[in-house]
C-alpha cells in the first residue's frame, strides 16, 4: 500500500490542506494569499497524480499565476491593513463551522462507502493531445462559447472598473 | 287484527289535516279529531274482541339495514297491547269530546286538536310496537306530544318552564332507556321483544348484564311515569290545559312507563335486583307523593301527586312480580283518574280558579260534576265495590306475597294517605260554605259531562273484570300462554282485603272529621316545619336547582372561560409566535449576502444530516 | 496501477471544499471571500479529474470540464474583482459586512 | 348512451349563471336574484336525475368521466397514468348523496338570499362559484382535483363573509381564511406526498396501492409515514369539521356570515371535513384509521359535550347554533370512532341530517333576523304569538336537531351510539350525557325565542312569506323522510359502506 505514489499523494495533500488551514487562520491578507499559492500548486501536483498533466499545467498557469496575482493586485489596490474580524459574529462562525462539519461528515460518509474499481485507462498517454482532440471535436461549441465568455468578462470588468471613473469625472 | 296498524293512523291523519287546514275549520276541527279518534276506538275494540278468540298477531317489515343487521318495524297485538289500545283510544276519544266544550273560545283551537291527534297517534303507536326500537321511537314522540300540550299556553312563563322541565326530565330517563336498549341489542342481536325474551330465557345474557339493562330501561320508565327522583315534572305539567292532564298526565303517557315494564316483564323477572329496585322505587314514590298530596292547595296538583303516587303503586306491584296487579291497576287508574281530572276541569271551568282554598259548597251548584267527582274519589280511595278497590287489593296482595313486609306497610300507609287527601279535596271543593265571589257558577255543557259519565261508569264497573268473587277473567287472559308473566291471580290472605278497606275508610273518616265536620283542627300536622316541608314538596325542586342545575351552569361557564381564554388564548399564542418569528426573520434580513448564504447553507447541512441519519426516506 | 484509492482524492477535495466554504461564509475581507470561492472551485475540479480517471468509463471529458471550469473561474475572478473595485470606490471599504445594499 | 358529460355539466353549470350575471347591471335587484336562483336549478335537476338513475338500478359508473390533463415528468412514455393528473369526475353512493344534498341546499340558500341587502351581483356570482367548488369537491375522483375544488370554496367564502356579513365580518373572514388555509396547506402536503410516492392521485387506485406493498412501484410507504399522513389528514379535515380545539373560527363564521351563506357553510362546507375523513382517511389508510378509533371516539365525545355545555350559556341564538354544530359534529366523530357499520353509517347519516337541519335552522334565523333585527335571546321571546308558523318550524327544527324519532337526527344519533356502544360502552355512556344536554340547550334557546311573554315590538310582524315557505317545507319534508324511512339513504350508501368495511377488515 505504501507505494511511492501514495507517499507523494500524502505529501502533496498535506501541503494543500495546510495551505487551506493557513488561509483561514492567518491574519494578514497578504500572507493568506501566499498560503493559498501553496494550495494551488499542490492541487496541480494532485492533477499530475491523476494523469492530467495538461490540467496541472493550466492550474499552475491560471491559479497560481493569474488569479493569485489578480487577487494580490486587488488587495493592494484596496485598503488591506484592516485585518480585524467583525465583532459579534462569532456565533455565526460557530454555526457555520457546525454546518460545515455536518456537511463534511455526511459527504465523507458517502465517499467512504464509495468503492470505485479502477478501470484500464489511457489518460496518461499523450494527455495533451487527447484533450486537444476532445476540445476541437466533441466540445468545440462550448470551447468557442468559453472564448465568448472570456471576452464578455474582459469587457465587463473593464466597464465595471471604468464606469465610475467617468461618473466621478462627470461629478467633478 | 291484520289491519291494526291503521289504528294509530287515524289520529295521525287528524294531526296532519288539522295542522294544514285547521285554520279554516276553527272550532269544528274538533269534529275531525273526534271522528278520527272514534274510528280508532271502534277499531281498537274490534281488535280487542278479536284478540279474545285468536292468538297474538305480529307483522314486521325491514326499516333499516345496518350491515347484516336488519332493524324492523311493524306491529304486534298481544293481550297487553290490545288492552292498552282500547284504554288509550277510549280515553283519547272522551278527552277529544270533552275538550270541545272545555277549550271553547280558545284562539288556537285547531292547534290543540292537532296536538291531541299527534299525541294519540304516538301513544297508539307505542302500545303496538313489537320491538324496543319502535317503542323508543314512539316513546319520544309521546314525550313531544306531551311537551307541546303542556306548553300550549306558550305565552305563560310557567307553561314554558313546565314544558321544558317535562321534556328534559323525561329525556334523562329516555337516555337510560336508550343505553339499556342498545346494550341489550349487542347482547341479544335484536330489538325484538320475542328475541330478547328468548335469549334471556335461554340464559344467553349474563346475569349482571340483565340487571344493568333492566335497571337502565327502568330509568326510562322512571322518567316517563314520574317516579322518584324524576317525578318533579309531572306536577308542573299541570300548567297544560286540564283535558290534556287527564289524557296524558293521568291516563296514558305516564302509564307508558308502567306499560314498558310490563311489556318487558320477562326481562325484569330474570333479575331479582332489578325487580327489587322497581318495587322499592315504586313504594317510595307511592308514599312520598301521597304525603306531598296531603297539603297541596291546587286542585290539579293534588291530583298530579295522587297520579305519581298511584303510578308508584303500579311499579310496586310489578316489582313484586304482580304483573296482573300492575296492569289491572293501570287500567282502573286510567279510568278513574281521567274522570277525576275531567271533573276537576269541569270545576275549574265553572269557578275559574284552581285553588281549593277558594272553593267550597259546589255540590249544590254542580249537580252532575259533584257526584261524578265523588265516584272517582271513592274509586281511587279503594272503597269496596269500586274498581280501585279490587286493583289496589291485588297490589297489596302482590306486595305481601312478594315478601317485602316493609314495602307492604308503605303501600298500606300510602293507601291511607290517598283516601285522606282525596276526600280532603272532595270536602274542600264540594262541601262547606260556598264563597260569595262565586256567583256565576254553572254546570258544564253536556259535551263535557257525557265523557265524564262514561268514565264514571267505567270507574265503577271496570274492577269487576278481575275480582276474587266474580272470577279473574282479566288476569287469566293477560297471562295466557306466557308463563314468564306469573300467575293470573294470586290468592292472598283474606285479611289483606279487610285491612285495605279499613285503611281507606279510616282515611275518609279522618278527612271528614277535619274538613267535612271540622271537628278537628286543620292544623292536624301540628308542627309547622313538617307542613312546610310537605308543602314545598320536600324541597326536591330546590335541591335540583341548587345542585344539578347549578353545577351544569357552573360547568358551562367554566367551559366558556376555557373557550374564550384558553382555546382562543392558544390561538392568540400561535399568532404571537408567528409574529415573533416573522420579526426574527425580518431581523435576519441584514442585506448581507454572506449571512444569507450562511443561513441557506446551514439549512442545507441540517437537511443533509437529517436525510443521512434517516436513510433518505422516512 | 495506482495505489491511491479514489476516495482519498475525493476526501482531499472535500476538505478543501469545506475550507473554502468556511472561508467564504466567515471571512470579512471580500477579496479573501472571492479567493475562498476559487478554492471551492478547485476542489470541484479535483473531483472532476478524479472521476475522469476512476469513473465507470474513464475518459478525457472530466479533464476537459475541469479546463472549462478554470476558464469560467478566471472570468469570474476578473469580474468579481472589477465589481469589488467599483464598490470600493463608493464605500471605501472591502469589508463584506458593510455591503448591505440589498437591505434597503 | 353516453352519460359522461352529465357530471361536468352538473358541476359547472353555475358558471354559466355567473356569465349571465356578469351582463346584468348591478341595479336590477330582482333580475339578479332570479337569475341567481335559476342558475342553481339545472344542477339540482341534474343531481335529481342522477339519483333517479341510480334508483332505477343503473350503475353510477355511467357518469364517470376521465380526460387526460397534466403529465408530470417523462413517465408518460412508460405508463400513461403514471404521474399524470386526469380530469376525472365520478360518483359513488356517498358522494352522490352529498352532491344531491349540496344542490338542494344551494338552491334553498339561493332562495334564502332574498334577505341580502346589497351588491347582489357580486354576491350571487361568488355564491355560484362556491357552489361549483362544493359540487366539485364531492364529485372529484382524484386528490389533486379535489384539492383544487376545495380551494375554490375558500375564496368565495372569504369574500362572502367579509363583505356581506355582520359587524365583525372582516375578523371572521380572516380567521376563516387563516384556519382553512392552514388546513389546506396540510392537506396539500399529504396529497403531494402520496402523489410523489405512488405516482397517482386517483383515490381508488391510491387506496389499492397504499395498502398493497407489492404494488408500490417506488419506495414503499412505511407505517410511520402512513400514520403521519393520516394524522395530517385528521388535522386538515379537523379544521373543517371542526374538531375541538380547532373550532373557534367556525363560531365567528356562524355568527358573522349572512345566514344564507351559513346555510351552505354549516350545511355543506363543514361536511367536507367528514367526507374527507371517510373518503380519504378511511379509504386510503384503513388499518391506521382503525387504531385511531379510541382517539376519534374520545374527541367525538369531547366535541359533543363541549359544544353542548357551551351552547347552554350562549346569549346569541346564532352562537347556540354554532356550538350545536360543534356538538353534532361530535356525533360524526363518535360514529367514525366506533369503526363498525352502525357507527360509520350513523356518521354519514349525521352528515346529511345535520346538513338539512342546520340549513333549516339558519334559514329560520334569517327569517327572524329580518323581522326583529336581533338574534340575542334576551331581546327575543314570544315570537310564536306573531309568527306561529315560523315558530312552529323552529321548534320542529330544534326537535329534529335534538334527535327526536321520526326525524333524521334521531336515526344518525341512534346509529352512531349503537355503533359506539358495541366497541366502547364507557365512552359512549359518557357521550350519552350529550343527548340530555342537547335537549337542555336547544329547548332553552328555542323556547326562549318562541315561548314566553311577547315583546311588544314583535306583535305586528308578518309570518312566513310565500317564498320562504319553499325552503322550510322542503327541508322539513326531507328531514322527516329520512327519519321515517331511512332506507332512502342507507340503500345508496350500501356499496360505499361495504367497501369501507372491507378496508377495515370487518
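By written order: A, B, C and D. Residues from 1 in each chain.
Basically, a residue touches a chain if its C-beta (ideal position, glycine included) is under 8 Å from a C-beta of that chain, and two chains touch if they have at least 3 such contacts.
Not measured: the values here are computed from a predicted model.
When the C-beta pairs in contact are tallied for A-C and for B-D, the bigger tally goes to A-C.
Central chain assignment: D. Criterion: smallest distance from chain C-alpha mean to the mean of all protein C-alpha atoms. Chain C has its Cα centroid 5 Å from the Cα centroid of chain A. Between the CA-based centres of chain B and chain D the separation comes to 38 Å, rounded to the whole angstrom. Chain geometry summary: the mean Cα position of chain A and that of chain B are 96 Å apart.
Look at where the CA atoms of chain B average out and do the same for chain C: the two points lie 91 Å apart.
Shared interface positions of chain B, i.e. residues touching 2 or more other chains, are given as 598, 601.
In chain A, the positions touching at least two other chains are 92, 96, 100, 103. Not a single residue in chain D touches at least two other chains. Taken pair by pair, the chains that touch are A-B, A-C, B-C, B-D.
Against chain A, in their complex, chain C makes its touches with residues 1-12, 14-16, 18-23, 25-26, 28-29, 31-32, 34-36, 38-39, 42, 45-46, 49-50, 52-61, 63-64, 66-68, 70-79, 81-86, 88-90, 92-95, 97.
Against chain C, in their complex, chain A makes its touches with residues 1-3, 5-6, 9, 13, 16-17, 20-21, 23-24, 29, 32-33, 36, 39-40, 43, 46-47, 49-52, 54-55, 58-59, 62-63, 66-67, 70-71, 73-75, 77-80, 82-83, 85-86, 89, 92-93, 96-97, 100, 103-104, 107-108, 111-112, 114-116, 118-121, 123, 127, 130-131, 134-135, 138-139, 142, 146, 149-150, 152-154, 156-161, 163-164, 168. Those residues of chain B lying in contact with chain A across their complex are 595, 598, 601-602, 604-606, 608-609, 612. Put simply, chain B touches chain D in their complex at residues 62-67, 69, 108, 111, 133, 136-141, 144, 151, 154-155, 157, 159-160, 163-164, 167-168, 171-172, 174-175, 178-179, 182-183, 185-186, 552-553, 555-557, 559-560, 563, 567-568, 570-571, 617-618. Those residues of chain C that touch chain B in the complex are listed here as 21, 24-26, 33, 96-97, 99-104.
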